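The following pair of complexes shares a single chain, subunit A, combined with subunit B in the former and subunit C in the latter.
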Partner chain A sequence: MSHQLGRVVSEILHQYFGEIVQKVGHDLFIYGSKPIPMIVKTTGLPRKQVVESLRSLVKFDLASFEPSFNEVVADYKLNPDNVLLLIRYPRYLLQIKTKFGSEAEILVEELLQQASCTASVLLVTVAAKYKDDKEKNITLVKLRDIFISIATARYIQQAPVADKSEVPSLEPVATIVPDIDIRQLAQAMATDTLADVNDNIYWKVNFDRFHQDFRDDIMVKAITRRIDENAGELMHLLLQQMYLTSAEWAAESNPTPALDLRDAVHRTDRPDCDRKLLQQYMDHYLRVLEENGAGFVVRVGEAGGGQYVVRGRHAATQLLLAALDHTVTERLGSKAARIFRLIRTKKYIEEDDIQKHAMLPNKECKELTYKLLEEHFISIQPMRKAASSGAMAKAVYLYHIKLHDVAQSLREMCYRALHNTLRRGQHTRAAHARLLDKQRRVRSIVHSMRVRGEPQQHIDDHTRAAHARLLDKQRRVRSIVHSMRVRGEPQQHIDDHTRAAHARLLDKQRRVRSIVHSMRVRGEPQQHIDDVEETLTPPELSTLKDVEARLKQLSAAQLALDKNLFILNWYFMYPH
Partner chain B sequence: MSSSKNDDPISEKILNVAKKNPKGISDKDILAAVPELSAAELVSAINKLLQEGLFDLYNQGGSLIYRLKGQSSKQAVKGADNEEKVVYNLIEDAGNKGIWIRDIRLRSNIANTQLTKVLKNLESKKVIKAVKCVNASKKKVYMLYNLEPDRSISGGAWYQDQDFESEFVDILNRQCLRFLQQRADKIKNNPKGPVVGRTQSFASAVEVQKYITDLGISNVKLEVEDVITILNTLVYDGKAESNVLSDGSKVYRAIESLIPPPGLVQVPCGVCPLILKCCSTGLITPQDCKYMDDWLEN
Partner chain C sequence: MGSRGRGRGGGLSFTHEQLQSFGINRGENTATTLAPPPLFPKLEAKPLPLNCDAATDYMVIVKDQFIEYLHESPAYVKPNTRTDGIERYSDKYKQLALDAKRGKVLDCVWGNMPAELRPQANRVRITARKRKLDDANVLSKKLQTLEKKETLDENDETAENKDENTVKKENENEDDEELEDEEEQEYEIDEGTDYANNYFDNGEDYDEEDDNLDDGPVY
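Now for the complex of A and B:
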């Protein structure tokens, strides 16, 4: 619960839910848990808005509540960890798509948007949405099958049920894969009412199941990098065996006999592994995996052809160390990374010995060591000799690494970076917001014209007029920027103006695209479409591409940071 | 001569052998010359000779070497006065590790001024020499003129006139890595199985040393220990791992990091020197961060 976490959480809430929810969320983050009147008091928002914000927060499981001292009043509390998951949503969708296909993706996406939803409502809404889409060919039966398979695979689970007390507490329930009556749903879809369907089991996405997939993926990829694809596949099979016998996040799994593993190897059908080779040399692969696989797997017994244990906690530590190494290398150079690793290998080491082993010049070595110390990657332990040993007594300074502390500071750094990318993206978008209003106006005019069935000529005229105004304005902005540069105004002012100009361009592109799309739908002649498209000149297009690329780069960076945080949180999952 | 005083026939024979081999003799040589000798007798005979100060004991390649004490060095101080003899003996005892002037003074009890004069005298006769110590540049140690300074004094192959040659180390580091990387791929999908593949991807220090010597990048003769030191820096760099084979020898293998560069170092904030000063408001903010501008530009 650090200050940096608060900043990230607040920024995410702002991006996904807007300013009011951000205010409420931040207030809850700072004060811990408090009842509604207190939130109203500190935020200064109207009670209605606070209640609404809390409603959406609780709905998406971003906040929780519990009875306070007075049992009829509820205290609300923010769940910052769940807020961070909002960034991970694209990864969940990608994961489910690779595993179960695009229908599953649509289902999960809808469920993520609804937060929780009954199976019948979910299926009918999705089916209704894609009723006209001939390409995807989505039917209720198909959706039902997919729903059942992802429920069986535990990617979705039943939402907790509230009990009957004044301030209800949510009791988790065991997930039972449902039996969905397809005829009833088809009927409901035809009559467009769900009133007849008696379904009161609510479902929600089981994030933990996705996280297990992510974890497996990281481990398999790491082994593939270290040894080869076959060893990676073997790791994958070991993890699957582990799910059968142990808790998912166990620090060390229960032993898996090699015989079971051999069966699994015979059944595997992964394309990227040489199955014959793996079958033939499975024992060898197990040995190499144990000896050179960064200690992810250890052999614990001889029964059943050898017993193997997957060490989740050890793997998390190893991966954290790898991430730390990369960070030190990038921040302070590879020589510093060498010192960092050296200290880690030797546990406690004196300054002179560092120099001797790292094979670095005395001065450079000292400098890097002190830099590492300054950035809190390493710690120092003074060992004072007893006073009785006389004047010769000199304190010994031992360098060492407090892994838990270093991991904490790395996490803080990730939070900072995440906050900064979010903030930057939001800043770019906020600059565009000024023109969103205008865009909406133009769109609504175009739309109403189309509804009235006016000839295409008029529509085109209108858009051209709007474009002309925009182009004119852009010209003016450019001249202003130019004169500012001439007058030597600070860069920030100029930047603001450039951003405003970008916003207009982005707007314009969106507008032109929507018009072109509607024209295509109506089967307009190509000539008209080209006309509208040509209103975007090549320099404008290149600028637009640039802005879009920037926003894309920022969100890619956010996903990458989230992956980094995943490893860190995995490490913190186990007590240290 | 001391041998004449020695009426023991065994010692006599050993001394004869030693005289024939001025470079020194090992246990084996003695046994070959005096086959009837039992191990216990040999030990007692040699102990006796060592006590009499006739032999010097050396450790060469793991086995002990006995060498007849040279008479020539003794002659070098002929014509020297008592002080010089005392100082010379002290320096000789120190061997190739050298001895500090302060220690000479303490042990010989000669006054400072006189001692410097004696040392200068000996130095001008080229009997002893002063060597600068690598660890403390001000500290001078004295040793016999014909001795090669010990590694702890000269710093071994990595030092040239007390300066650490970091470029040399870097080049060797890179070459060793290249050698290991040439083999590293053998483990991937090896048709003979991963254990064979792994064995092929391993390289021992001796192999690496041979490769480096063949490359001819080093003027200095590199010992196996030197190469091991370099290989260890590769391990600390995270670019190699070492395994111990069943016969106790160490082997090395080039490896890749477990994960690709994580998200943090892909954004400018991960390497930003100002990250701790970056706030929502103020001079350093993410909104108008120059580093981020540059990053988004590409």
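Now for the complex of A and C:
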């Protein structure tokens, strides 16, 4: 519940749901839980808009509610963690696509968009959407099979059920894989009577299951990079055995006998591992994994040919340390990283000893140490000597690393960086609302002309006339940028200005594409399509390319930051 | 003068020896800067490039699609349009575009929402607050009973005239009672402050309790 978290959450809400939901969400974040009249009072928004925002928040599980003291009214509370998950949605889709194929991806995407949905509605809407798509060839039967398989694998689960009161309390229910009557659905789809299908079991995406997958991937990848593919495969099998005997997020799994593991190796069919080699040298691999696998796996007994335990908590700590090392290296340089590692290995160390062991010049070493201290990577512990003569020897200062605190400050850094990237992207959209509006107007004119069936020539004339002014504006912006660059202003400012011009261009590109698409669908002659496409001039296209690259970079940065946050949250999951 | 005898001078809190142990030599102690730190501090090292593989490309595209979907859906709450009093040609189109989106209500599982968030919430509220008198039946009943009473009173009027004296007496009695009530009220108000109470104990009642105890057995 930090200040930085509040800023990120508010920015994400702005990007996904707009200004008003952001206001309501931020208000809830600051005050904890409150009822609607209080939100209306502090935000100054009309009640209707507050209600609408709360609907959006509650629907996507970004806010929860519970009855307040008079039972009829609810108190609302924001779930900041769930808001942060919005950034992770693409990763879920990628995961399900690689595991179950594109049909599963389409199903999960639809479910994410609907937040919660009955199986019949989900299947029918997806099937209807892709009815005309011959390439993908999606049928109801296929969708049903995939739905059942991802439900069995617990990637989706039943949504909690509400009781029938004014402020319902949601009770989680155990997921039962359903029987779906395809004939009934096909009939409903053909006659468009979906409402008659009696289905009141709602489904939602089980994020925790995806997180388990991410964790497994991280651990397997870490072992693969450290040792080799076969060891990675062995780690994968160990994790699978772990799921059979212990809780998913157990700090330490129940011991797995090596014999079980040997059976699993016989059955494995992963293409990227040499099965024969793994079978032959399994004991060696286990030995290497134990000794050189960063302590992910330890041997705890000799029974059954050796018993092995997967240590999730230790793995999280190790990965956190690696992330910290990288952060220190990138922020303060490799010498600071050396000092950081030194303090970590020595646990508690005096300043003079740091200089001796780090083998750095006296002054530089002190500077770096203080810098580390300033950025909260290390802490200081004064030890007072009881009775000694002389003012100097009164206290000893011991440097050490409080891992939990450092992890906290690293998380704050991630939040701040995430906020910055989001803010940067937002800037374009906010600064040029007027231009965007103009663009929309052009579009509506074009559209109405097309409906009235005017000749294509007129349409093009109109678009060109409207665009002439926009082009002029673009030219001016560019000249401003140029003069700024000449005057040597910081890159930051220049970037802002270039992006100012882009919001409009991006929008324009999208519109042109959609118009072209619709024309193609209607089978209009190529000549007209070319005319519309020509409204995007070559310089505009080149700027567009530039901007797209930058926005993509920002999005990629957000995804990378989210990966880091995942490891941090995994670390915080275990009590310390 | 609390600091006397501890440290010299007001500006520095460390002795030279202490400063030297921190790595600060004589003359190196620069004056403190009072300017705020820059809003965009310079990056000391260039950040590492992000890995841009097909998976990242895919995720970026999917993310944009999801955001676009949300923006088109009623989940994206639009602000009320503010007019500055100047009529514009474009107002009509803006209004058209807004109206197309405004009519929609977010498709939720209403059973899982609090009643106040459901679309028919307003109607529910009105029925809950309904006053008894608003109901026509109840109202007419009440009126009827009142009418009956009135007719009864009219019948009694003749009898009342005969018994005027007794009635007067009764009235007088009632008046007296009212007066007494008022007096009592005043008395109670006086009792409100502690000063009005007499807490003085002259000690006469001192032994009374014991006597009472002896009077009879306690069950």
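To be clear about the criterion, the second predicted complex is superposed on the first by the 477 of 576 C-alpha atoms of A that agree within 3 Å, B and C clash if a C-alpha of one lies under 4 Å from a C-alpha of the other, contacts with A are read in each partner's own complex, and residues count from 1 in each chain.
Here is the rule we go by: a residue touches a chain if its C-beta (ideal position, glycine included) is under 8 Å from a C-beta of that chain, and two chains touch if they have at least 3 such contacts.
Being a predicted model, the structure only gives us computed values, none of them experimental.
Shared-chain residue A:F65: touches subunit C; no touch with subunit B.
After overlaying the two complexes on the shared chain, residue contacts for A:L94 are found with subunit C alone; subunit B is out of touch. Shared-chain residue A:S116: touches subunit C; no touch with subunit B.
Within the superposed three-chain model, A:Q184 lies out of touch with both subunit B and subunit C [touch as defined at top].
Look at A:N82: by the touch rule set out above, it reaches neither subunit B nor subunit C.
When both complexes are overlaid on chain A, the residue A:S514 reaches neither subunit B nor subunit C.
When the two complexes are overlaid on their common chain A, residue A:N362 makes contact with subunit B and with subunit C alike. Of the two partner chains, subunit B is the only one that A:A322 touches; subunit C does not reach it.
Of the two partner chains, subunit B is the only one that A:L277 touches; subunit C does not reach it. Once both structures are placed on chain A, subunit A residues 330-331, 362, 492, 553, 557, 559-560 are touched by subunit B and, in the other complex, by subunit C.
Residues of subunit C that touch subunit A in their complex: 15, 17-18, 21-23, 40, 44-45, 47-48, 50-52, 55-60, 62-64, 66-67, 69-71, 73-80, 90, 93-94, 96-97, 106-109, 111-117, 121. By the touch rule above, subunit B contacts subunit A in their complex via residues 158, 164, 166, 169, 173, 187-189, 191, 193-196, 198, 229-230, 232-233, 235-238, 241, 243, 253, 255-259, 261-267, 269-271, 275, 278, 280, 285-289, 292, 295-296. On the side of subunit A, the complex with subunit B involves touching residues 7, 218, 221-222, 225-231, 274, 277, 280-281, 284-285, 287-288, 291-292, 294, 318-319, 322-323, 325-327, 329-331, 334, 337-339, 341-342, 345, 357-362, 364, 410, 413-414, 416-417, 419-421, 423-424, 427, 491-492, 495, 550, 553-554, 557, 559-565, 567. On the subunit A side of its complex with subunit C, the touching residues are 15-21, 36, 46, 49, 51-56, 58-60, 65, 72-74, 87, 89-91, 93-94, 109, 112-114, 116, 159-160, 162, 164, 166-168, 170, 202, 330-331, 333, 362-363, 366-367, 391-392, 437, 440-441, 444-445, 490, 492, 552-553, 555-557, 559-560.
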